[in-house]
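Two complexes come next, and they have one chain in common, chain A, joined by chain B in the first and chain C in the second.
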Partner chain A sequence: MATVTLKELKKSFGKTQVIHGIDLEVLDGEFIVIVGPSGCGKSTLLRMVAGLETVTDGEVQIGGERVNDSEPMERDIAMVFQNYALYPHMTVFDNMAYGLKIAGKPKAEIVERVHEAAKLLQLESYLKRRPRELSGGQRQRVAMGRAIVRKPSVFLFDEPLSNLDAKLRVQMRLEIKQLQRRLGVTSLYVTHDQVEAMTLADRMIVMNAGKADQIGAPLEVYANPQTQFVAGFIGSPPMNFLPSEMANDAPGGAKTLGIRPEHMRFARTGKEATVIYTEALGAETLVHVELKQGASATIRQNAAGPVPSEGAVVHLDWDAGDRLFFDSQGRRC
Partner chain B sequence: MSSDRSKLAFWLLMAPLLIWLVTLIILPHVGMFLVSLREKVGVREYETSFANYAVFFNEPLYWNTFARTAYMSIASTVLTLLIGFPIAYYIAKLTRGRTKTTLFLMCLIPFWVSELVRTFGWMILLRETGVISNVLQYLGLIGGPVEMLYNDAAIMTGLVYTSMLFMVVPLITTLDSLDDSLIEAGYDLGASGFSILREIVIPHAMPGIVSGCIVVFMLSLGNYLTPILLGGKDSLWFTGLIYSQFITRFNWELGSAFGFLLLGLSSLIVFVGLKLSRQSLGKTMAQ
Partner chain C sequence: MEKRVNFKGIWLPLLLVLPQLVVTAVFFFYPAGQAIYQSLFIPDPFGLSMQWVGLGNFEYLLGNAYYRASFVTTAIFSILVTLVSMGVALYLAVLADRLIKGSGVYRTLLIWPYAVAPAVAGVLWLFMFNTRVGVVTWYLGQLGYDWNHVLNGEEAMGLVVVASAWGRISYNFLFFLAGLQAIPRSVIEAAAIDGAKFWTRFRTIVWPLLSPVTFFLLVVNIVYAFFETFGVIHTITSGGPQQTTTILVYKVFKDGFVGQDLGSSAAQSVILLVIVGILTIVQFKFIERRVHY
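Up next, the complex of A and B:
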């Protein structure tokens, strides 16, 4: 168990700076999810903590100690890779035991720890198989097992679920969360999937072009996004952005008005819009409309409610308290 | 009807390969084997016996040369692997894009000229009045001209140089398919660079290593030009003996027997090599 601290962490590849100074304090046992679109630097950030990328500037601390120049093995971390990185020529047992074997642990202890982890992950009957004889979900478990047996103080996950199909992803997501709760190990988890971020995180970091736009608890980030980017990235369907002139009482400097799809409703009066098409998802229906001013919006409508037909002219309304305003830089105002 | 047709198509497609195999490989070998079993007892009088093979085992020069050829070929294979592996690793893992293509092409360039020209190139460098000798004299490092040709080191240099590409190409192919994250996971799990090489990189590259070694070994064993030109008269290469039996001494019977012994030797060594590395021929050739 350990804390992880990042101080003004920066990374450049040649002349291109990809991480522009990130500060973060991870508490002992906390589950932190780093989320952002591809190319935002989230994987690079994780790899700097892992010791697989050098630190250009700033500091990485694990358990209060500066580890900038330590080898990955000296950092007491264990990483789970996106493609699992299992060794094809080794059995599941050998894959899980590899780290312990290198550390020179006695054989009896290795066997005991691998079996313990295998039991936890329901892999006991697969220990003699090779990775290619396993399904995607089982390989994923082996990769986690390999990290667990080492009893590290920090787990690092690099998009561990992105190679699984949708159903399995939901299941593994729950398993990872339960496992982390049970073991209480500090975890950093990188993903581009905002649903994963919302469900797994104690706190999440939303990254945008090498900067941390916002750090906070998932629901706090959802309800109170600090930038237009965060507002648009977290939440599905994304927040509707309209020109701020549509509100009479917009604060000075405001350029964009943001309203979540579930906060828009059909009314007798209000902004006039034309229905472009509707998507019935069962429990809810998404209605895509085009406003007179040329902006488009999505309304999340309970499926029990009335659904306007395509091409119909409707009126939209929302509560003043649900509005968010952003300036021309995309910052809240 | 349709199955007859597809059968016909199959045989037609196979025909060029079969004709090639039968007329150029199998028939000559059968003929050579029959010739090797003939013992000359008088003018145009032959008897079937293993006398030619007996000659080989009774004459120390022959089997000494045979053993020397085998061990020199193995040595050149090992040397090629030791030099080729870092090169292949560098090209496959540490370079990208254009640099990678350029380096790969640079490995290919020597093969645009014929083997003869390449070997003469080495002769120009190594001979007594050659480039290296002259440069060393000019620098005052040696007193008089030095002959670097016509020894085992010269043969070895030529063999390694000639077969390097055939080692590097299969190695690059297998190393390319090694996911970088496997190496990173090794570091993450606390392995040192050496144990990653031994336990992760080499096991993964094994099919490439074995197929490269087979090709290089066969090429060295069957090489005629390089040992003769760089090793001179005393090169004692087995293909040289076969040549002299056929061409100089018109003793086709003994030459054929030698040829078969060489075939047997190379098959045996490749078989042992595959067993030792626990690879199968099929797996290796699928590379």
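Up next, the complex of A and C:
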């Protein structure tokens, strides 16, 4: 168990700066999700905490101690990789026992701890198999098992679910959450999937081009995004962005008006729009419309309600309190 | 995915494989058959008459102390060449694998020796170690060591081993480097996080994952040391001094073309043929079983 602190953390590859100073305080036992599009530097950030990348500037602290120059093995961390990085020539048991063997733990303790972890992850009947004889989900579990047997003070996850199919991903997501709750280990989790971020995180960091645009609890970030990027990235379907002139009372400097799809509704009067196409998802229907001013928007309509047909002219309305305004830099105003 | 082409008749496919069959027949089956046939006779040096001796040539060879000594020499020579060329190649490949800047230049330079023909390589080494004008000999002399591979059998063996291994390092290096780069980076990183230092990682992760490559190279290098080092031996020592560097292949040449004992030479060829056969079977039998993943 430990806290993780990042202070003005920066990283450059040659002359290209990829991380532009990140500050973060992770509490003991907290589940932090780092989310962002590919190439935003989120994996690099995690690898710097792991000690797999050198720190260009700033400081990484684990448990209050500066670890900038420590080897990965000295940081008391465990990492789960996107491709699992299992040792292909070893059995599941040996994969999980590897770290303990190197640490020179007595054999009885190794066997006990591996079995304990295997039981937790329902891997007991697979201990003698090699990774290639396992399914994707089982390999994922072995990678998790390898992380938990060592009882590290910090877990690092680098997109651990992105190689799984959609159904398994949802299931493993739940398992990871439960496991983390039960073990209470501080965790940093990198993903590009905002649903994973929303469901797993105690707090999330939304990264954009090497900067942390916003750090906060998922629902707080969802309801109160600090930048247009965060507003557009978190939430599916993404927030609608309209020109600010569509509101009569836009604050000065505002350029864009943002409204979530679920906050738009059809009304008798309001902004006129043409339905381009509709996507019926069962419980809800997404209605894509084009407004007269040339902007497009998506409306999330409960399937129980009326759904306009494609090509129909509709009127849109929304509550003034659901509007968000962004300036030309993409900042809230 | 397997792509199969279906031919209607028999003639076109036959025609297509014919060139390969002809090459194999002319350059392998015919000479091999000749060798087996000749090994059962003792011809006179002028090739005018042949006397049937059955397995007499083989009996004579196996009872011959020189031939048995040549077996031992070949074993020592092959093991040393294989160990030196693979060991050095692996070391260089590990260094090159860690290298980021200038790796292209480094690799290109390391591949060059492979392009040098064995006989030429032999001459290069011969000049460097020449007992009178060799530059290495001179420096060794300055250090107080009197190098003379013409008289000293162990020095001669050392020299032909180094000369044979040298050109081979490039080839092994390429395979080892490819093998190392095929190991996913994240596996190495996972091991590092698990607490394994460089040497432990190498021993427990890299080496086992490299074993298919290593085994392949082992067989290929032994075959090389057995058969393709003729040029090096011929240019540097001609099998001497006192037969200390006469490996089996060289003895075939010496007994047959220098000593004109064609029957014995043919019998030796047949024995070598059997050895290659065994090595090939070993390679095909085990190479798949030894693959770790």
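The criterion applied here is as follows: the second predicted complex is superposed on the first by the 333 of 333 C-alpha atoms of A that agree within 3 Å, B and C clash if a C-alpha of one lies under 4 Å from a C-alpha of the other, contacts with A are read in each partner's own complex, and residues count from 1 in each chain.
Throughout what follows, a residue touches a chain if its C-beta (ideal position, glycine included) is under 8 Å from a C-beta of that chain, and two chains touch if they have at least 3 such contacts.
Worth saying up front: this structure is predicted, and the values here are computed from it rather than measured.
Asks: Clash or fit: chain B and chain C on chain A?
Replies: On the superposed model, which is not a single observed complex, chain B and chain C clash.
Asks: So, does A:Gly99 touch the first partner chain B, the second partner chain C, both, or neither?
Replies: Touch partners of A:Gly99: chain B and chain C.
Asks: Using the superposition on chain A described above, determine whether A:Lys271 touches chain B (first), chain C (second), both, or neither.
Replies: So A:Lys271 meets neither chain B nor chain C here.
Asks: In the superposed arrangement, does A:Arg146 touch chain B (first), chain C (second), both or neither?
Replies: both
Asks: Applying the touch criterion given at the start, work out whether A:Lys11 contacts chain B, chain C, both or neither, answering first, second, both or neither.
Replies: Neither: A:Lys11 stays clear of chain B and chain C.
Asks: Can A:Arg130 be said to touch chain B (first), chain C (second), both, or neither?
Replies: A:Arg130: touches chain C, not chain B.
Asks: Do any residues of chain A touch both chain B and chain C, and if so, which are they?
Replies: On chain A, the overlap between the chain B and chain C contacts is residues 50-52, 71-73, 77-79, 81-83, 85, 87-89, 98-99, 102-103, 146, 150.
Asks: Looking at the complex, which residues from chain C come into contact with chain A?
Replies: It comes out as residues 184, 186-187, 189-197, 200, 204-205, 208-209, 292-293.
Asks: Quick one: in the complex, what on chain A touches chain B?
Replies: 50-52, 71-73, 77-79, 81-83, 85, 87-89, 98-99, 102-103, 146, 150
Asks: Show which residues of chain A lie in contact with chain C when the two form their complex.
Replies: 50-52, 71-73, 77-79, 81-83, 85-89, 98-99, 102-103, 130-132, 146, 150
Asks: Hey, which residues of chain B end up touching chain A in the complex?
Replies: Going by the criterion above, the answer is residues 179, 181-182, 184-185, 187-191, 195, 199-200, 203-204.
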